[in-house]
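Next, two complexes with chain A in common: one pairs it with chain B, the other with chain C.
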Partner chain A sequence: MKQLESLRTFLREAPWHFWTTQLIAVMQIELKKNFLRRRSIWIYLVALAPVLLIGAHAIDSPMGRRCNIEEDTRILAGIFQLFYLRLGIFFGCMGLFTWLFRGEIVEKSLHYYFLAPVRRELLVVGKYLAGMMTAVFFFGLSIFLSFALMYGHFGPAGKAYVFSGPGLGQLMSYMGVTVLACVGYGSLFVALSLVIKNPILPGAAVLVWETFHPVFPSMLQKLSIMFYLRQLCPVPLQPEGLLALFTVIAEPVSPWLAVPGLLVLSTAILVFACMRIRKMEISYLAD
Partner chain B sequence: MTTNNRIVFENVSKFYGEVLGVNRVNLSVPSGVTSLVGPNGSGKTTLMNLMTGLARPTQGSISVLGLSVDDPEELFRRVGYCTQFDSFPKGVTGYEFVYQSLKLRGIATNDAHRLAKEAIDRVNLWEVAHRKVAGYSKGMRQRIRLAQSIAHHPTVLVLDEPLNGLDPMARAESIALFEALGKEGLHVIISSHVLHEVDKISDQVVLMSYGYVIAEGEIHGVRNEVKEHPMQILVRCSQPNLLASRLFSQDHVVEAKLNHDGQGVLVRTLDAGEFYLLLNRVVLEEDIALEAVAPADDDVNSLYQYLIGGGGKV
Partner chain C sequence: MAVYKRTYKTYDGPLTPAWSRFGVVARYSFSTLFKSRIFTIFTMLCFVPVFFAIAWMYVIHSPLVQQMLGVRMGSALQINNQWFSQLLWAQAWMGFMLATAATPGMVSRDFANHALQLYLCRPLSRLEYLVGKISVIAVLLSAVTWIPGLLLFALQAQLESHGWAWDHLYLIGSIVLSGWLWIAVISLLMLALSVWVKWRIAATGLILGVFFLMPGFAEAFNAILRTKWGRVFNLPYVLNLIWEQIYRVDPRFGHINYINRLPMWSAWATVLTVCLISAWLLNQKLKAREVERG
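Right, the complex of A and B next:
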């Protein structure tokens, strides 16, 4: 009861306006870095690759002459689940979010943040939000373009599918899942970068975990980000052969549980990151 | 003695794994210019990192003007730290570097622009402020970091080797700036190897060796405590030979050496107080015209040599 009261006092008296100003300053600095640095080029390329592929397909069969909407819908669903979620967004977030702090340590510039009157938790949140906006921009735009190209080349039939059929709803779902994937993987990789110096090995371990989580016990599956994301994909993939490992949903969960479940998991990881950064020291020599 | 206007270390130790950073440090630093002096690896930077929260003590506690170093929000409104890391966020101009740090402090845009310009002007770098930091010389980078650390008008300014890489003109300007800041009532903590230069402006000195504070306080006071090394006093006068012969007969005078220009005597004495009384008496009795009397080893460099060994780099 006493703790609740002190929390209430803290929330009432906290300098929210000041923190917001600082948060915006952190995000402005980080967004500029994320979009303009040379390291981001490969994220641009990863995001662009499926667009180019689908663009080539659209040119190859104008007005849907050599394909049909149902088949292309399944292909798009496959590209989304197997490329975007498992590779593009995963590695994009890994590169982007692990570099938010590791990059500063490698470039020996993190102390400038630590020497400013900014709460370190606020620094984590600011960097995380900037990373998320960047990732959502890259991959959201990529998915939007892929979707537009995939249905655009069907002409009026494609237009009807999007605006009078299930197309627009599917696009919204893809966008939503993309945002949630960035939320989940972003928090995970920010936290990892504060714990481990080289993110490659733990990144590989996370990839294995995310890939093979369907074979784990039910409780452990809920600690996987992919577990929630798969439930929210608008077009299910057919469980065929080895791909069944990626496509089968052994334990379906309602979106009303999947979205809050993922948000709770991401928040818990971010809270851990905030606790971690409070104890962080600057010793670039050791890095 | 209130701790609200001092920087206080209470039994502070810091170990990096098994490597000693500093050990059992007890300090109470008042306002004015304080020099941290010691050879490489003596713990100067560790001490500065500890007082700014970049490193956490393994043991003990630190407060800066009564504030905990665990509270960056309060602490860094009043503290500026110019580290010796010669690195910057990528792609920034000098101006952006200072301006961004002010924005991070939650300062309004117009004020941030004004303060950035003021600070860059103060380190004489305005002409190149809009050039990328990556193209700056080492001295310019040093000065832009100094500008960044003073831009928000701190009460405590911590400067780790601030004279490194500066040409003589820039050094003189920086030293004048530190002196002015000290006189404005700031706590200015400087670590430097350029002993004869920091000596001119230091009010206090902290001598460090192998992670231990071996002496601290006002320079003259610390010098008086070093009993095993007789005090050196240079007396410039009209009859140095006569003065030397009269002084040398006293027990507390260990050595009386004629100066190389023949216009003075360098005296080494075990008791400076007794020496000054004796000097007054001899001058009156022998009618000697005194030009100047000044301690010759009452400075940081001499203290460094006596207590640590070796000499300060010039």
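Right, the complex of A and C next:
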């Protein structure tokens, strides 16, 4: 009861306006770094590679001469689930969010942040939000362009599918799932980069887990981010190959549970990262 | 001796023979690697499938054990070229993870600490430095791929007898060749990427990107452009194709759409291109000095 009271006092008396100003300042610095750095080129490439391919397809098959909407819808769903969610966004977030703190250590500049009169938790949240905005911008834009090119080259039929059919709803779902994927994977990689010196190898283990989670019992499947994201995808994709043989069909989770579930999981991971950074000591030994 | 008496003079102690100087680099790299307890444990874990394979061989050849376990091994569970191919493919991936953990740190630390010039100012050439680093990966990968493969072959030949070894003699060549192909591709590519980015974490990410992200891109390429040629970007796929050819595995086995396979020449060409690009990158980037502008 006493703790609850002290928490209430803290929330009432905390300098929220000051913290918000500091948070915005941190985000501005990070956004500039994320967008304008030469190292970001690879994120542009990963995010925009499918757009280039779909663009080539649109040029190759104008007005849908050598394809049809059903087939292209299935292909777009496959690319979204197999390339974007499982690999593109995963690797993009891995690079982007790992760099937030590990990059400062490599460039030997983290102590400037730590010496500034800013709460370390604000630093984590600010960097995380900036990373998330970058990831959402790149991958969201990429998915939007992929979608536009995929249906745009059908002409009036594509327009009718998007504006009078299920197209617009599918686009909204794709964008929503992309945002959730960036939120989920982002928090995971920020926390990993604060715990482990080289977070890429545990990241590889996470990738294996996220790929093969359908073969595990349904209880364990719920511990994977992909489990929730897959359910929110507008066009379901049947598992193929050897994975299909071993897939365990888990009871689907309603979007009303999947979305808050994922957000709660990400918040918990971020809280852990905030607690972790309070005890962090800088070591500029070469990475 | 007082410090002021330590004037400069040429080293006149015994010199390491020129042919084995790369071994000095390899020795120190090895000792650094095995200082990590996690790495040592993972190296041990890489041998677990081999022990399972030995146990499997023993059970298959022992009717008494089968009776005790209450199982009957049918003819479908024969030990043949396919069995060796799949086991060593799994081992190769274990070795890949081992090399991914080892290689970036081994090289990029030398760059990050500006230590490369300290190596090369000694009587050690760039090639010897490179061979020293490659030999570490080669020893690690050999220990988990072709050496256990040959031991398993010998064990199987001993247990099976009836001319099994003679009938499958080509497997010795297959095991050694596939192992060394994997070692060549993995070590050159990983070293080239590590030297290129010069940051351990980025190098590890890039290696994983080449082996996991590029196959995804290749499949997207195939699906969108309705072709099969996107698979030339899929290095694990082309290596698997060559692997199956080396082991004389029936191409229809395990491939649902084997008709859409890439031709063998393209697989060899892809692997050769990767090796050549890696060698070129190493030649360009492995330098003791670098002019920084701006």
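Rule of thumb we're sticking to: the second predicted complex is superposed on the first by the 275 of 287 C-alpha atoms of A that agree within 3 Å, B and C clash if a C-alpha of one lies under 4 Å from a C-alpha of the other, contacts with A are read in each partner's own complex, and residues count from 1 in each chain.
The rule we apply is simple: contacts are C-beta pairs under 8 Å (C-beta built on N, C-alpha and C of every residue); 3 or more make two chains touch, one makes a residue touch a chain.
Quick caveat: nothing in here was measured; it's all calculated off a predicted structure.
Enquirer: Superposed on chain A, are chain B and chain C clashing or fitting side by side?
Expert: Chain B and chain C fit side by side in the superposed model.
Enquirer: After the superposition on A, what does A:Gly88 contact: first (chain B), second (chain C), both or neither?
Expert: In the superposition, A:Gly88 touches chain C alone.
Enquirer: Looking at the overlay, what does A:Phe227 touch: chain B (first), chain C (second), both, or neither?
Expert: After superposition on chain A, A:Phe227 lies in contact with neither partner.
Enquirer: Mind computing the angle chain B to chain A to chain C from the CA centres, in steps of 10 degrees?
Expert: 80
Enquirer: Report for A:Asn198: first if it touches chain B alone, second if chain C alone, otherwise both or neither.
Expert: A:Asn198 sits against chain C, while chain B stays out of touch.
Enquirer: Taking the superposition on A as described, I'd like to know which of chain B and chain C A:Leu115 touches: first, second, both or neither.
Expert: It touches chain B, and chain C stays clear.
Enquirer: Going by the contact rule set out at the top, does A:Thr21 touch chain B (first), chain C (second), both, or neither?
Expert: first
Enquirer: Which holds for A:Lys33: it touches chain B only (first), chain C only (second), both, or neither?
Expert: In the superposed model, A:Lys33 contacts chain B only, not chain C.
Enquirer: Of the two partner chains, chain B (first) and chain C (second), which one does A:Ile282 touch, if any: first, second, both, or neither?
Expert: first
Enquirer: Superposed on chain A, how close does chain B come to chain C by Cα atoms? Whole Å, please.
Expert: Taking the overlay as described at the top, chain B lies 7 Å from chain C at its nearest C-alpha.
Enquirer: Jot down the residues of chain A that show up as touching in both complexes, chain B in one and chain C in the other.
Expert: Shared contact residues on chain A: 286.
Enquirer: Provide the residue numbers of chain C that touch chain A in the complex, in ascending order.
Expert: On the chain C side, the touching residues are 97, 100-101, 105, 108-109, 112-113, 199-202, 204-205, 208-209, 212-213, 216-217, 219-221, 223-226, 256.
Enquirer: Any idea which chain A residues touch chain C in the complex?
Expert: So the residues of chain A touching chain C come out as 46, 49-50, 53-54, 56-57, 60, 66-67, 75, 78-79, 82-83, 86-88, 91, 94-95, 98, 102, 106, 198-201, 203-204, 207, 240-241, 286-287.
Enquirer: Contact residues on chain A for chain B in the complex?
Expert: The touching residues are 18, 21-22, 25-26, 28-29, 33, 36-37, 107-109, 111-120, 279, 281-284, 286.
Enquirer: Which part of chain B faces chain A closely enough to touch in the complex?
Expert: 16, 49, 52-56, 72-77, 79-81, 83, 85, 87-91, 100-101, 103-106, 148
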